[in-house]
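After this come two complexes, each holding chain A, first together with chain B and then together with chain C.
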Partner chain A sequence: MATTKIPSSTGVSPDAAQDMAGDGMKTVMMPVGVPGYTLRQEPRTMPATQPPVLPINADLKFIGKSPERWDGPAKVSGRARYTADIQLPGMLYAKFVDATVPHAKVISVDTSEAEKVAGVKGVFVIENLLGSAKLLNPSLEVSKYPIVRYAGQPIAAVAATNPQIAEDAAKLVKVKYDVMPFVVDMDQARRADAPMVFPGPANQAGTAGGGGGAADVPQTGNIHGPSVHTRGDIEQGFKDADVVVEEHYTTQVQVHNALESHGVVADWKPDLLTVWASTQGTASVREGLAGFFNLPKSQVRVITEFMGGGFGAKFGPGNPGVVAAALSKQTNAPVRLMLDRKEEQLSVGNRPSSDQTLRIGAKKDGTLTAIHLVSYGTAGCGTGAGCAGPATNMYKYASLRTEESDIFTNAGPATAFRAPGHPQGAFALEQTIDELANRLGMDPLDLRDKIDENSARRVEREIVRNSAIWKSRHATPNVDHGHIKRGVGVGQAVWYRNISMDSAAEVRVHQDGSVEVLSAVQDIGGGLKTVMAQILSEQFGVPPQQVSVKIGDTNYPVGPNSGGSVTTASLTPAVRDAAWNAAQNFLASIAPALGAQPDDLVLANGEVSSKSGKFQPISFRSAAAKMNTSEVSAQARRIPDYDRKAYETYGGVDVAEVEVDMEIGLIRVKRILAVHDCGRPMNPKQTMNQINGGVIQGMSYALYENRLIDSDYGLMVNANLDRYQIAGSREIPQIEVQLIQSYIGQSSTDASGIGEPGGIIGTPAAIANAFYNATGVRIRSLPMTPAVVLAALANTSQQKETA
Partner chain B sequence: MNQFVLVDCTTVDGALSQLKDGSVVKAAGVDLLDRMKNGTTTPSRLVNIRNISALRGIHPSPEGVTIGALTTLTEISEHPLLQSHYTILTDACGTVATPHIRNMATLGGNLLQELQCWYFRSEEYECLRKGKEICFAFSGLNQYHAIMDYGTCPSVAPSTSAVALLGLNASVELTSAKRGKRMVAIKDLYVHPDANPTKFTVLEPDELLTAVMIPQPAKGTRSAYQKYGEKQSNDWAIADAGVVLEMDGNVCRKAAIVMGSASPVVRHAPEAEAMLAGKPITEEIARAAGKAAMQGAPLQTAMQGAQPLSMNAYKVQMFPIAIYRTILLAAGQMGRDPSAAS
Partner chain C sequence: MSTPEMSAETKSEPCRCLCAKNMYGTSVRFSETWPPGTHESTSYWCLLTQGPAGPDEHYVHLTRCVPGRACYNAL
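So, the complex of A and B:
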């Protein structure tokens, strides 16, 4: 299961640093710790070519500040071009033909009627489907077309001169099915007599964003697993325990529902395939298309100028990418294929459900002696429902056993979704820890101080302890009288420092004084462009608006796929190193004309000055005019973290205040305090934005979102944004983000990612614990709708915890 | 969405003359276009009445108030006179969907919108109300479905404005080119599925809903509406209550209590109404009335009282609370409920 770590495509070998040991290294002091709490200087050894150590944010001019979004004006004025805005001469519009049944063998696909429609230029029938798990032994199924394993699975696509024609013609494609028995309900699928989703063992690989499940596990019926991990002696661990808490939790399937749907515009030319894609990884789309069509990578170009959200579901070309490219090749015209809302809900990924039994043993003083997690979950006809990440990586324990299984069902395959497995896992873990604190008569923060070794979270709990919201928490549950009860609860997050070595950038300085930075990396909305501009500003002393940021194009140096919260942590050191090197080249280039040595020159405040006072400071622009070539540049790529082992994980602490209407069964989240760290915050405002988004998505998951499939017919009933409930403006609580600076001394920018640790992991658990604090009743099932709340309250007698 | 012809009309007569050959009326199109996009309606011809300015406006008179069919929900909910004399209606219209939708949606379209049952709204599910044999909700996902008086189809009445208008004893004016105008009371506008599963209202294909008439409320009338859902923004009612109280001081002369999302057709709760009549309003009596509403005698079917489906027993818990809190709100004894949509 991809629970302990994001797969290696985004990881760096901890040993990589050793390769560089020896000559050419330097050891310097770096700021480490949290200013105001634990800040100190520690030595770090790194290549001698690394730029000077950055001081903490307080001592910088641009990095660590929050200038306005570099591309904000383009976005709010509508100038920003998203994939669906791309218009090419002669462009065709494609529409999928989607399966209308949940499980079937496709006997034939008759496209003749569709082809006759005026304006239809091409029809493509899929023979090689992406996304779902693959049978290890394909000969168990003999079929020309992919077996339909979920309703909504793409079968074919029609390209026409306008979207309306394509849609009408798609309805004329006749698919003949040999329907098979199906199962969409996870509990039914676990039964021995359930219809089989796959006739034999099947595996699904993860994407560049993670997800995917364990491959070398048993498969019985629809049960793929368990994938077992153990540490220490679990039996002894429970024997050593003074208290054992065992509880059962369930969570639902959540659908990504990014604002911008999946899609591409593909333009197949004899020597170059150009694809505009709504993607989290230009590199992953290029790699996927080159592989699928057997093209050299140099003949595939992928462009993502602007991106409207992905949450983990947008890596690689996917079925829309390969089908659009194939149709473009076939019709000799550019083809646009954007999914509609229904397809978004059915065929491009989701967060798997979970069914977890978690058992924790502890000593009287809180020390954890054993953690045992047995989890099931359905990733539809994919895998990746494991959720042992938090149980494995959050706390210190003497022994651990996790058994994670996927249950195949006839539903769309899951894919990575913002912190795969972690909101589910933390929902169970953090409630159980809360319950354990109750049993031990300990304060929940004190218990965590005892068992949590992460130094940043320790500081974060200190901030929580001193916060108004935490001080307003009732020390015992169910204190309020009347029909509204108030409660406060806490939930922690754990995440991993994932670094992608495919992170490079080029910085150019032109004789006219303009500066630009180029990388294939995409900005998926977090604000990377702004951060890149800030880094150049810090180096060259010019304001961010004067820097050109050119990204989202595989013509530029390779960039990381934005999954696993890798982007800022991986790319910014490459940008800074390139900027530093370009600045050195720039100074060398102007030094002769200034009659100075390069190392006598200083770049700051938009000026070039001389340390020794050789000349009066001159503006950056007039200095650039003295360059001895029209352009100087430098490229840099990510080097490994300086001292990786000490900083594998980080996280955050989220606190929720809720009000529960005991009669109506409605939970209102009133306030969230989210205390988080991500190394050096490069742009605090944008970072807090990410955390706000994570909190909102987390509470939306906790209270509302739920993919609903009718188990008699196998069709989703709420494949829209009306009945698929997502938090709206009125549901959003007051969110206070406390972002700490947590220097770890790992790279030339020392940044970590925030997309996943920030909010979505800790918030659902915090809300559940707040509900308990308000009512004295536990909710162990998501989403916490009025139906679930009223049922839980009706059961109070069975639920009392001994405090 | 299929391709279609759009006919734009600016007069009532013009529009009426276009109501032929299976044409479908489009007001704001919030409901209609949604059904066209999900493939459950595929009209070849739309008659756009949105630009008939004569059908827009709020006209008070000594007899009451007449509201043009194309008046938007926002115009209604923000109207000062309606707010003071017909609070139930401004409350109801003000809680529909979102501000954007209320700025578009018309009163006529809101009354005539089709069912929200998610099976009905999926093109793959051909149910009773689409002329087929089966209802998918009984054995399927029915957490938002009806708990009372549903008979063969437990979809719930979708229109929030209808709850208020039933409580106010309003009528609609239906106009056709051939037969002229007729008035139909709101209580007679909707067709129960057991009477005719594929006909949702008594409106004929050649008719337009042109106006809504609400009689002058009796002296001492106070009213309110509250809607409860999973969310406050952009959501439908799970439980709701419209309350009209004719008061003599603190004594209730006569009460109307109406529920929307309890049954396929918006309905009164006569047991609850009887409980309040002639009594002072107190929390105790309001709670008792809420409970009594769930005993509901059959109005349209043979079903006695609330009979929840497999997944919606919680609605039977919510309705009495919605009713009691809204009675107290109408009586001025409780503020607007923060748990209700606003």
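So, the complex of A and C:
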């Protein structure tokens, strides 16, 4: 094993450490920490084939800079083709028939009238693929259709020659229901006499009829849970506490509302199913369709050249994918199925609600002795309402107990939504920590310095502490006179360094000097194409716009599904490794023509030069003309992080300034300061753009968004963007993002993701803490609408939070 | 970061039809432990129904889609 120093300049010259010990590994020093604060060098051991260590961004030419978006011109000119833009010869347009009741057995589906409509080419009815499974409730076995568990559940679909015919014909499909009792309110669903969303009980392990019986997670009525996690002795922890704070918080259901709705274009041919999909995972769609239709993956191709956002809700083919593919097979024609806004709100996901009781014990110096979280939430007829992530992972504590339960209701199932569980968990945790600081007579940043071991967030708090917005914070709450009161608050975010090993890329160099990179990965809007181009530019010295980036096609090397903030962290090392290897192959290819040995050649700054001075430097394009084949290439796949145990979490610190109108209960967010880290920022501007978006979405969640379902009818009453309120341009505050470089020495690019930690987690809590700073009153329920604000202000029973 | 004990993980191989975002992205499905505190914020769906219920009309979940369930499919 050999040890080398960090390359002094670009880090892309071929001076990699040699594998002196012959074990296939090398140890090199890598930059770790935050420049200007904690930057240092630490050793990392990695395969000897890894490219030279990159220096920090200041010493790079393309990586870490902010060139214009590689695909910006295509997007703003309309040349970019999204799924809904795909037009194929003979293409049909499909429309779902959705359930109109929240809970029912489907007795029959009569499609005869729809099939008579001129232009209708096919009708598909979703049936239960029962196989060997037995129904828990035998009385349901007469139905060959799935049970309806929420209004808006897809039942069938019609394919026609144009969208209007499909929509008209879908209305002619007659569905006969045996309507069943339903429950849409979480509190009502918890009652013992509530209608059961799923037949049960299901906690008899392995019995015929399914359900299985999982150890440790019971089901009682509509309650799946509690799922209990413990550390240390929680009872002793509270006994050891000098101060105990216990509070109750609630948060609402939020709907994703990506700009582009879910949808696909499916083209079923005998030897290949081709699907254009609005998806966060081309691989997930291919795997889902191959599995559903029992096809080899090699006979399914998924294409996502451009997509308009997903926020976690677009994995796998979903009902739109399988139904469009089935209709395409049935009609021998390509079929497009794009959801409309109402369907988007009802059937393809949401962020679960939460009802949290959080109890924290601490010593007088702030040391946390115990955290106890009891949470309930509804993910509709799905699961995933847990929210213990922040309480579990943000701070250091002596003991912990979390009890999380899902409450089933007859509402659309949740899906992953940008930092699942974390905005709601942080809303409770960060207010309780703030309240604890008040009880202890500590500054909220000082308390967090005491209990937060994350070194990057410590730097971020220092930046906050020295910021103008924080210095303008009232030392004590509720000091303004008049009906407008101003306040400043803080909220922190925690997220996890997740890596997908399904990350590969191929880099090709052509004899004409052009360079291209290929991967099946999709760009969900973060700007991945630009980052991939920057990596090749750093390696070959050509501007990003001269690099060809081809992604979003499963014909290319496998790419990661974009969820959990994994994409940049997972794929960019594979791209860099492939670029490095392709560059070595390129040098070997041109060496004979240059009369040199490959190891005498240096590729830097767009030129090829000789270490020994055998020839004057020549341009990359001129050198490429000397290749002994028309193309050289290299493919690389992600290797594990160099030191996986280190730096498992990261995050940020958000600060909000609000004005509260005490007469009408209106909160206006005036400013947000968002200080975040995500390893090496590959393109700071794009990263900051993502944080901006996260802040806005977090603010929108905190103040406006709320899925409303009528308890009498079980129908969503604001299933469109004219009634589901989202923050608009008038509500957006001044947002300042400070992005720190936080090197962790984990991969050949050392990048992490920002989609989750950037803004959505900490902003709601920061606004709530700012509200307290302004008014001296806690607001523990989201969204903070004027009605909620006035109710909180009218509550005179709140205890004073001072020591 | 603290590491609590994980008490609710299934020890059985989950059904091959169980789907999730699988945010931890290894090539082997569900083979890695979730980061502490995030296990219960995961949403699941069934490959065969593309919804939160399995073919047996019960909900799907890592702790439910285990051997013994009538619709269980081994890998």
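Operating definition for what follows: the second predicted complex is superposed on the first by the 744 of 803 C-alpha atoms of A that agree within 3 Å, B and C clash if a C-alpha of one lies under 4 Å from a C-alpha of the other, contacts with A are read in each partner's own complex, and residues count from 1 in each chain.
Following the convention adopted for this analysis, a residue touches a chain if its C-beta (ideal position, glycine included) is under 8 Å from a C-beta of that chain, and two chains touch if they have at least 3 such contacts.
These figures come from a predicted structure and were not determined experimentally.
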item	value
Touched partner set for A:315, first chain B, second chain C, both or neither	second
Touched partner set for A:164, first chain B, second chain C, both or neither	first
Contacts of A:572 with chain B and chain C, given as first, second, both or neither	neither
Broader residue contact with chain A after superposition on the shared chain, chain B or chain C	C
Partner chain(s) touched by A:781 [first = chain B, second = chain C, both, neither]	neither
Touched partner set for A:356, first chain B, second chain C, both or neither	neither
Contact residues common to both interfaces of chain A (with chain B and with chain C)	none
Chain A partner contacts - residues on chain B that touch it in the complex	1-3, 34, 38, 98, 118-119, 121-122, 124-125, 136, 139-141, 143, 228, 230-235, 238-239, 311-312, 314, 317-318, 321-322, 338-339, 341-342
Residues of chain A touching chain B in the complex	100, 151, 164, 167-168, 342, 661, 663-666, 668, 703-704, 708, 710-713, 715, 717-720, 722-723, 725, 727-731, 785-787, 790-791
Chain A-facing residues of chain C, complex	1-8, 10-11, 16-17, 19, 21-27, 35-45, 47-59, 61, 63-72
Touch list for chain A against partner chain C, complex	128-137, 140, 146-147, 149, 153, 198-200, 202, 205-217, 224-225, 227-231, 288, 291-292, 312, 315-319, 321-322, 349, 379-393, 396-397, 400, 402, 404, 406, 408, 413-416, 420-422, 453-454, 496, 498-502, 560-561, 563-564, 566, 570, 648-649
